[in-house]
Amino acid sequence: MSGGVSSRGQSATNAGHAAPAFLADALRIARKDLLIEFRTRSAFMAATVFAVLSVVIFRFTWDPTAIPAFDLAPGVLWVIFTFSGLLGLNRSFGLELSERAYDGLLASQVSRESIFVGKVLANLAFVAGVQALTLPAVALFFDLHVGAAWGVLIGIVLCASLGLAAVGTLFAAIASNTRLAELLLPMMTLPFFVPLVIPAAQTSAYILRGQPLEDAMPWFKLLVAFDLVFVTACIVVFPYTIEE
Amino acid sequence: MATSAATINAPGKLPEAKPIDGFLALSLVAVLAVCVRAIWFTPVDAMLGAAQKIFYMHVPAAIMGLYVACGLLAISSILYLWLKDDRLDRLAEASAEVGLLFMGIVLATGPVWARTSWGTWWVWEARITSTLFLWLLVLGYLVLRGAVESPENRARLSAVMGSLAALLVPFIHLTVRLFRGMHPGPVVLKPEKPSLPPEMLATFLMSMGAFALLFFALLRVRMRWAALRDARAAMEAA
Amino acid sequence: MPIPPETGATGVATAVATGAATLTPSLAVEAEGLVRAFGGKRAVDGVSLTLAEGDCLALFGPNGAGKTTLLRLLGGLLKPTKGTTRLHGVPLPGPAETRRLVGLISHHSMLYPALSVRENVRFAAECQGVLEADEATTAVLGRLRVLDRANQPVRFLSRGLQQRVSIARALVHGPRLVLLDEPYTGLDEVGALAFTDALRELKAGGATLVLVTHNLVEGIALATRAVIMRGGRFVYDEHTPHGGFDLPEFQARYRALVHEGLA
């Protein structure tokens, strides 16, 4: 069953190589990460279980007469977002290190930046996936009337998820070099999530209370600015996390 | 030609290990002297009472810890990524630790002032909230440093975090200010009143000087300690 | 910077040989005055060497001698503190495309346990820009006799089989220089023999090998040049173009040079 020499194989020998292509490389890496997560399902399960448990606990410890739903729900939503996101981020580089597959990836011709962007895309999909389950759960349990504002709410979730994925992936890369990765990751990243989660929570609160969107604009602009600055900065700084 | 990944300490350049550092001793005396002056030789504020005197410690600590320490941390981290000089890494390490101490003073004196002035231990006022977040950030930075084994990796990875932290600071300030703008506090803290009477102003300026001396003395001692530690590690490895 | 038209590997040897004819100098590896320091310590302290195509350099020595560091320097995976190294005239580390000239095999399999054999090798092929990655993958898996397990997740394979898949992953893009970092670790006798056979074929096809190992027997069997390192330097260097080192003599020399200083 050896490969041997076939006419089809012969044409492959003279075909040459393709130059590294940023987007194709990033998407391939993202797809690989998501495929692995899909097969093992460990982080996604952990995140979903955490999300559902949190919603239930918050629901049953809540006194509806003391606090209206739209005051409590944003806090619940964004706490779940942050901590379930962290669960996913840990495994982002963990899967590369168990058999040192990362060394093989670094020894290939793909650029460091495309590795980073690929992993950010995978983490973004992960976080967005968990949110896709959490949002309806929160809306249901807290009996929220979101109505037409769903679109805006989803937009906020996506913006916040992008920032979380970018910063989280970078710090996951840093933490993977240490002994205490799972403890270190939340410690390092939580101050970075502050300008992300607070604007997101505030904007969600405005929407859920039915207040006009213009009032929430400063918060929304802050969120978008954070995304722009940190996605760029993290791409620039990522190659320095690799020993060379 | 590849640039040097690490500088090698020549034996002749090792700093001496002194049992007592003169500069540090002097600065401690200065701080003590200013405290004495503040407590016994400065008039009491008519409106805010004796507790106001915490301000002479609180504000200089804040200026040194927040602006100077964090600024040094940020700049030396970014420069390290560019120049790869070990001294920049030691400066970052020292600034972070001394900054943590000074910010700790701010976080300790703040609630005391708040309690005596308004009856609550904590107020979500813009400056002290920012200080809390920055303190946590620097703490995370130091925990990272402690968790990386190889000295080269430690310098590089913490410089990455320090550079990103530099970008984060304005965002934290903006977030907190925006948040505060919605919930004005009971009393607006304006410690840097230019309209301080002359004796209080003098005490404040002296305190500023004393704390600055203390900061730089501690920084120097800490950097010297780091240099000795690194030299020793290099000798043991060889 | 001439990057020769490379091959997706139909057979390892044929693939490498096809590329060989178009390359410039006969010198594969040229290293001069390589120094690499970590903190204050020099892991590699002034190493210069040249290797021709088809050479196999075996690096022996105690732990901490700098073997792995030198290996990574020669492959452009680490930047030297001082000195230069070139692979077929290309200075390393170079731009991203130059990394495809090198293949890396270590005692870690560098595979993703949850993915299948085929998925792992195909991913590596695509990352290295191999056109027609599917065919190249099938070919190299066949050559290494793991094609029947192609769709099994890697974590279900034995260590020896995983090592073979790891070799497939490293060779699918037809590298000119193959770095081997203690590849015999954890392999039983059968696995070790099969591995040595695969490497012999590789050499025959014109690839240059750099092998770091503690296994004197297997290392000497393959080497055209045997080096013993201590403290980042070469303390013994013997070149036998057609192999054929005297094993007992080398073992005695190794014991003398390595254990003597440590006693």
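Brief remarks on what is shown
Just so it is clear, A, B and C label the chains in written order, and each chain counts residues from 1 on its own.
Basically, contacts are C-beta pairs under 8 Å (C-beta built on N, C-alpha and C of every residue); 3 or more make two chains touch, one makes a residue touch a chain.
From a predicted model like this one, the values you see are computed outputs, not experimental measurements.
The chain pair with the larger count of C-beta pairs in contact, out of B-C and A-B, is A-B. Seen from the C-alpha centroid of subunit B, the farthest chain centroid is that of C.
Taking the mean of all protein C-alpha atoms as the reference point, the chain centroid lying nearest to it belongs to A. Subunit A and subunit C have centres, each the mean of its CA atoms, that are 37 Å apart. For this pair, subunit B with subunit C, the centres built from the Cα atoms lie 50 Å apart. Subunit A and subunit B have Cα centroids separated by 33 Å. Looking at subunit A, one finds that residues 243 touch two or more other chains. Within subunit C, residues 79 each touch two or more of the remaining chains. Among all residues of subunit B, those that touch two or more other chains are 152.
Touching subunit A in their complex are the following residues of subunit C: 3, 5-11, 14-15, 18, 75, 77-79, 93, 96-100, 102-104, 106, 108-115, 119, 123-124, 126-132, 135-136, 138-143, 145, 147-148, 153, 169-170, 173.
Across the interface of their complex, subunit A is touched by residues 81, 133-134, 136-137, 139-141, 143-144, 147-149, 152-153, 156-157, 159-161, 163-165, 167-168, 171-172, 174-175, 178-179 of subunit B. Listing the residues of subunit A that touch subunit B in their complex gives 167, 170-171, 174, 177-180, 184, 187-188, 190-192, 194-195, 198-199, 202, 218-219, 222, 225-226, 229-230, 233-234, 237, 240-241, 243. Those residues of subunit C lying in contact with subunit B across their complex are 36-42, 79-84. Across the interface of their complex, subunit C is touched by residues 1-6, 8-20, 25, 28, 32, 35-36, 39-40, 95, 98-101, 103-111, 243-244 of subunit A.
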